[in-house]
Amino acid sequence: MPQSFMPNGSSTLTTNPFDDDKLREECGVFGIFGSPDATAHTALGLHALQHRGQEAAGITSLNGQEFTTRRVLGQVADNFTSQEVIDSLPGNSAIGHVRYSTTGETILRNCQPLFAEFSSGGFAVAHNGNLTNAAHLKKQLISRGSIFQSTSDTEVILHLIATSHFRGLMDRFVDALRQLEGAYSLVTLTREGLIGVRDPLGVRPLVLGKLDKAYIMCSETCALDIIGAEYVRDVEPGEVVIVTDEGIKSIKPFPETKPRPCIFEHVYFARPDSFMDSLSVYDVRKRIGAELARENTVDADLVIPVPDSGTPAAIGFAQESGIPFELGIIRNHYVGRTFIEPSDQIRHFGVKLKHNANKWFIEGKKIVLVDDSIVRGTTSLKIVNMMREAGAAEVHMRIASPPTAHSCFYGVDTPERSKLLAGRMDVDAMCEYIKADSLSFLSIDGLYRAVNHKDGRNNSCPAHCDACFTGDYPTFLTDQSEEEEKANQLNLIASTGS
Amino acid sequence: MPQSFMPNGSSTLTTNPFDDDKLREECGVFGIFGSPDATAHTALGLHALQHRGQEAAGITSLNGQEFTTRRVLGQVADNFTSQEVIDSLPGNSAIGHVRYSTTGETILRNCQPLFAEFSSGGFAVAHNGNLTNAAHLKKQLISRGSIFQSTSDTEVILHLIATSHFRGLMDRFVDALRQLEGAYSLVTLTREGLIGVRDPLGVRPLVLGKLDKAYIMCSETCALDIIGAEYVRDVEPGEVVIVTDEGIKSIKPFPETKPRPCIFEHVYFARPDSFMDSLSVYDVRKRIGAELARENTVDADLVIPVPDSGTPAAIGFAQESGIPFELGIIRNHYVGRTFIEPSDQIRHFGVKLKHNANKWFIEGKKIVLVDDSIVRGTTSLKIVNMMREAGAAEVHMRIASPPTAHSCFYGVDTPERSKLLAGRMDVDAMCEYIKADSLSFLSIDGLYRAVNHKDGRNNSCPAHCDACFTGDYPTFLTDQSEEEEKANQLNLIASTGS
Amino acid sequence: MPQSFMPNGSSTLTTNPFDDDKLREECGVFGIFGSPDATAHTALGLHALQHRGQEAAGITSLNGQEFTTRRVLGQVADNFTSQEVIDSLPGNSAIGHVRYSTTGETILRNCQPLFAEFSSGGFAVAHNGNLTNAAHLKKQLISRGSIFQSTSDTEVILHLIATSHFRGLMDRFVDALRQLEGAYSLVTLTREGLIGVRDPLGVRPLVLGKLDKAYIMCSETCALDIIGAEYVRDVEPGEVVIVTDEGIKSIKPFPETKPRPCIFEHVYFARPDSFMDSLSVYDVRKRIGAELARENTVDADLVIPVPDSGTPAAIGFAQESGIPFELGIIRNHYVGRTFIEPSDQIRHFGVKLKHNANKWFIEGKKIVLVDDSIVRGTTSLKIVNMMREAGAAEVHMRIASPPTAHSCFYGVDTPERSKLLAGRMDVDAMCEYIKADSLSFLSIDGLYRAVNHKDGRNNSCPAHCDACFTGDYPTFLTDQSEEEEKANQLNLIASTGS
Amino acid sequence: MPQSFMPNGSSTLTTNPFDDDKLREECGVFGIFGSPDATAHTALGLHALQHRGQEAAGITSLNGQEFTTRRVLGQVADNFTSQEVIDSLPGNSAIGHVRYSTTGETILRNCQPLFAEFSSGGFAVAHNGNLTNAAHLKKQLISRGSIFQSTSDTEVILHLIATSHFRGLMDRFVDALRQLEGAYSLVTLTREGLIGVRDPLGVRPLVLGKLDKAYIMCSETCALDIIGAEYVRDVEPGEVVIVTDEGIKSIKPFPETKPRPCIFEHVYFARPDSFMDSLSVYDVRKRIGAELARENTVDADLVIPVPDSGTPAAIGFAQESGIPFELGIIRNHYVGRTFIEPSDQIRHFGVKLKHNANKWFIEGKKIVLVDDSIVRGTTSLKIVNMMREAGAAEVHMRIASPPTAHSCFYGVDTPERSKLLAGRMDVDAMCEYIKADSLSFLSIDGLYRAVNHKDGRNNSCPAHCDACFTGDYPTFLTDQSEEEEKANQLNLIASTGS
């Protein structure tokens, strides 16, 4: 692990490590300019975006000339809502960040916003996404004399700005952006104003809102709703939006490309009350459920959502199929953040800590279980088993997306391919593995239809990034390639040597 | 405030004080005898009962001769699941308690289980309910030389046992029970075994379960499910169940009475996956929704539950009325435990911290909102307003219970009558207050029908305690009467004097 | 270990467990009546008494009718000096307590002041000393229905008052006191006033002071100095001093006895700036050093104190003998409170964590080391060794008290007799054990001479409790006798059986 | 205040802010190479150096290729002595740092050791001293693209290395050192070995020791004693000592200069059991006391040290003058680390929290008080007053150094000149201010005599840095000059404008 002259943070704050079988969005961002309550609004916005990252949160505010930053391990509601904290982050503009991260990396020095004092002025940044050439750039920067403080790819951006040969801060920033490869939606704060950037493909979302005279840029519209702000429009892929005292302006410093926003945001990441790509996420999920019902008819007594993410698709499924929708699995809302190092006796009960079967309704019934996706399959296995123990006559699993067979390199925490159930086996084997009576996934065309592409996926020019389903990555993967090349060379040497 | 020679605990751990508009069950209990994993099972059981009390938790285990107790402010999952803690509570039997308490009283010395070392042996107790003559008994006990350590009514039971003129511990315990008035479901642990008690009216629930050779007594069946135990039966009102190495036996030391279990458990307190009075709580709630739809027809486009407690009734309402069920309000699952002393700017956003309207579906629609009850009305007002801001054409509020017009003295935290909306105004005024287009409550007969009393409430001999709706209290209220008498005397003196 | 219905405290706060080789006073008390700054004065007084107990501290204040208590594990300066804490303990009178306790018992529920609400009113008490019949009384009280919350002997006093057959609180208190055996200096607070009590033998100290209109009673005069109060006189053995709004009065409810104040207070416990039995503690210690020099002449180059407790005796020794006094051992003032569970590598360095030899002065010299006492001998061995490693030519150990060969049952933490070096071997063997060139202790007569009894100890009627040196205990030891009797019976049974 | 992308630490950990009237050494350093117990030895060494910095501590260990760092606010004994912590810092070599810092800056990101991963390898550094051109260099580095994470001058060294045009790490390091101005004793750790550096003037100390095969470099010899290591020699001014697996070597990369080690180390900073410049610190202080007695005779009854730093000089004074040495002021050893935000009532008692007069000895006596130095004079005033209240007939203050009239820029925390009592007034006025009967300081020549320069100070070529007494600074003060110039220009503009 890289070392730094920064304090070590705790790495114990993880959520239910023995039970999480979902892909995880790694970040959410929020920025506001021109509000007397900038910090409170940012805290509220981050709270609404908490589902995009639950392990760390941070806010940088700007009071005229002075930046103030507070970053913590933990959730927004627990750390950023007291009067004392709000008052400690003064100013009319602020940016914020929520973060999920893989175990071992949840340390404070990787938390955002990051800040640097350049000769051209102070600069704070919050980043949602992942750069696919960060390691490559970092190596170059270190060889030229840059000292890195974190293992975060975001710090690369700061050093690119610091060492740029351009003059003004804005030119240096654009110079830095042009060297990046991968996915990034950024909000940044300088003494001049708030800047929002979405990468040329627009992989991760970023929306623009307005509240009185203040402008907001944030990951999802639900963060606008909570503060009563109006949704203006999506920041466009490849767009740089600059908000200053003079008003708002927009530049497009990148060569034009066909956008490829992430389709999985619709399936699982985004909150159902958000709008994304001009669509209601909840409505898309219901339509996914309807597509699923059409693609895979089943003779059953009840449609049961795997709570809570499967619920909208289950409602859509039930409405399309006419099979009654029932809450057959009851969720315990008190499953905390912690369960740190649970005892063996506790760990043994796994899925039951979160869910219980509603026996009365299940006993003797043929049921359709609707879930959004299958990652490792461990939870699906337990849920199917729970239904059988509750007396279900038949258990038919329906998944509201295609098989997740490939890793994401754009800011989503995915297990290695070898741990993805769909990376290891075909649908029949998966059905057997989870011990369901039948298992069906939504087709990739069905998914595109649900997000308003009537003819399904245009394979020659797909409208979304769907790499996790198709393996079709829309950017170079420089770091990944260099690593593989290095591994190959080692293998070559090893095999030559033997 | 009474003072004690015990350490003061913190009183800051409250859940969203600015946003809670629900009645709160004050406690849940769990006891197990004869399990090699007694403490882990108790922790899991309490976790499943966490909805009955979120502010404090405690477990006492018994390892042959030695009792060990651990009590904390906070939730079970955060405090009782590590191997270290499980190992620190050794033994084959254990009892546990979760607790909610009113602000200012959340101090550790009021937490349970309580323990006393009598000359007749050690005795631990966990209590769900509330005694209505505790103050009266306490005064007598102090005058005879007892020293109280807590403000908890449960401590009265310990001192009654300690000072009883009977000989054996069991006889002393029964002697103590006979002096109690009010509601109590108890689990106690002695060196002989586990004892469960339900008061003669059976106001609060208590069920009996079995896992291999171990017996369990706990508040709800969901706590049996989580450990895979079998539900045997309810402990009967007035029954004392004793589990020892010799097996299980039952005595009924009280004069026979007609039971009056709390009907509000069905409406709100119990978990929907529990069985109560031999009924599925989820099914009762769906039938309540159906009754509600039958009693108050409405012309609407959507049925929307107020999440999460209104959901089963909303499903029942939708199925009965044929109006589609939709998730029109999205809940933020990250509303933490804390929000301690939120800033004014944060507090201002009130209900939005927890809920957001699903605008796409609401705009232009006539909607039926289904909630379980109205307490102060503050949340209802905000929710109706949220629907209007999201563009609802009409908002019809339907409540899955009769108006809550009276305080509970049996272990439920109720505001003073003057703060209950239904204690202050009639239904029309309430409708106007919450700014709905229409407002209807379920009738008391409709509620009884939903819990399987086809002819509604038998007013001469009601089958449940329904005092919060009817003001018909099934026991004397000794402490309440003595306080009122005292107040009257003071008033008399005051008015005579003037 | 007895169990209670009280929260468990932490038991980790101990001071250098691997290095403490001193007897420890178990408590200090302070009480004040009639001061607008009662709590601040109590905090300051306890701070001055911190050497009498470093592990826990507590204050109870009385504001007219209401008592407030705060008890913590830790030191006064760290817990009772902020404005917030001072303000949280309002009132014109207060009592406080500092406590040392043996490992495993340092739990909050044993901390003081203890408080009880009697039918005759509220009562707080802080206790320095130890009752020798507490277990005996406790057993009786439990059999009559009292419930104990702590393992502290002080709680016995509360239950004796609560169950007394007398009427007024004062009569009940005296009734309780008359049943006590052992050592106790008490300060208590009731709604009527402040009461100070010293047991008939006056084993532990208690002094009376005055500051403007306020009266103070506390363990040592240094606690008067810190708040600028005037020292009035010692509370007399067997005296009960009562301070109320009406003024101060004194009663003597016990049969007259010859006092036996603890002589070890002069040797080690009391602060050198205190007056005790009308003598300057520093001056007594210097005179002890002079006696020591007279009793045991030695040919040496330097007199070196074992810091810090040996310093006054070393100065006296140097002045009497004419051998120069030098700081040959330098103390590290940063040896904290903690060193909790030190690693083996750290533990290995033992005495060096606290002390270092001043080599320059020691090399090649014949030195006299002066220490106050030897308990286990482990530190003496290390110090002698440290001197040899620093090059000392000869090391002569001189101890400013007689050999400590017996346990104390009056409020001093002593190891079992078998762990006292002087309980296991004679002076020659001790000298060999600690590897000194010579070892001498002060004679018991020399010690009495230093505390102003010119003819030494009057063996037929000694003026002090000196049981730790002589084994001559001035009270019955009821609990001790009953335990031994029980052990003997068990042995009898065992030997008969075999 | 400069901002960074690093987490903010707490700034509340200060020691008795209302009572500290001493200059404070800002740091101590320790490094070891080739010991199986490197981390434990470093922890022990830092513990012995705790007097050089009590607010923060840190250790970096190196286990073959991997560096591990732990830094905390707080003391060594409380944070670095458990087996768990020792085990978390694996390796055969380690460096450590203790730190004092001015209020507002005590934040974790300024704590040391600092670490950077260069292209030429990992590099950890701990620094005692202060650079007088750090701001100047930092500005240049930022303009070239370096990003600073801390406000510590030490980080400048890292960036100078990172951006050096030389190739190997050692050459880059020397290149960096040559650009530094001011005082620095450094220990650094690379994958090749341990490097110790002392600036050309040798302002701050650094000594070399040996334990079996391991080499140690640290601030004072007392840190060698605690681990049983042998003192080899002082690292020479301008020397770079390199310890690797190949052994130890030394280079001198700077132009030769006459050394000027800090003379105040002898007066106050160093521990009395250390050797410094080949002299026993304790012996020097006794000789200072003797010089003081010779320079300023006084007719008195007692010599009383102001504890604890005045004690050796007082012993020397007493031995020289023949006036008896007595402990007239008793120190309370429990004055904690905290007293954070003390209440007004507590603050009021100021010096009494730490000290009490030993009245018995003082009453009616003419006393000589011996202290090491006077900074602001606030404590001296209180101590003199305390002596008068205890009944002293005359109070003669003798100071074991010349008047401290100038700020230190070499790593000692000094108040601004205007707050130094000797910066504001002459000796007579100072005597009046502290209300003593007489006041004398040691002459600068007397001080030099005591440190073995028989002829006193050689004014044309002084052997020590004595700038705090003389204002004769041995280096340029670039940052100070640039600031003054800037201030002058502003004044010029202001006065021209008016």
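For reference, chains read A, B, C and D in written order, and residue numbers begin at 1 within each chain.
Assume a residue touches a chain if its C-beta (ideal position, glycine included) is under 8 Å from a C-beta of that chain, and two chains touch if they have at least 3 such contacts.
The model shown is predicted, which means the values in this text are computed figures rather than measured ones.
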Compute the shortest path length in steps from chain B to chain D over the network of touching chains. 2
Treat chain A as absent and tell me which of the other chains still form joined groups. one piece
Farthest chain from chain A, going by mean C-alpha coordinates, please. C
Roughly how far is chain C from chain D, centre to centre by C-alpha average, rounded to an integer in Å? 38
Can you give the whole-Å distance between the Cα centres of chain A and chain D? 50
Could you put a whole-Å number on the gap between the CA centroids of chain A and chain C? 62
Sites on chain C at which at least two other chains make contact: none
Inter-chain touches occur between A-B, A-D, B-C, C-D
Looking at the complex, which residues from chain D come into contact with chain C? 37, 40-41, 43-44, 47-48, 50-51, 54, 75-78, 81-87, 222, 225-227, 271-273, 275, 280, 282-283, 308, 311-312, 315, 319, 324-327, 330, 332-346, 349, 352-353, 356-361
List the residues on chain C that touch chain B in their complex, please. 1-9, 66-71, 108-109, 111, 113-119, 122, 124, 142-150, 155, 158-159, 162-164
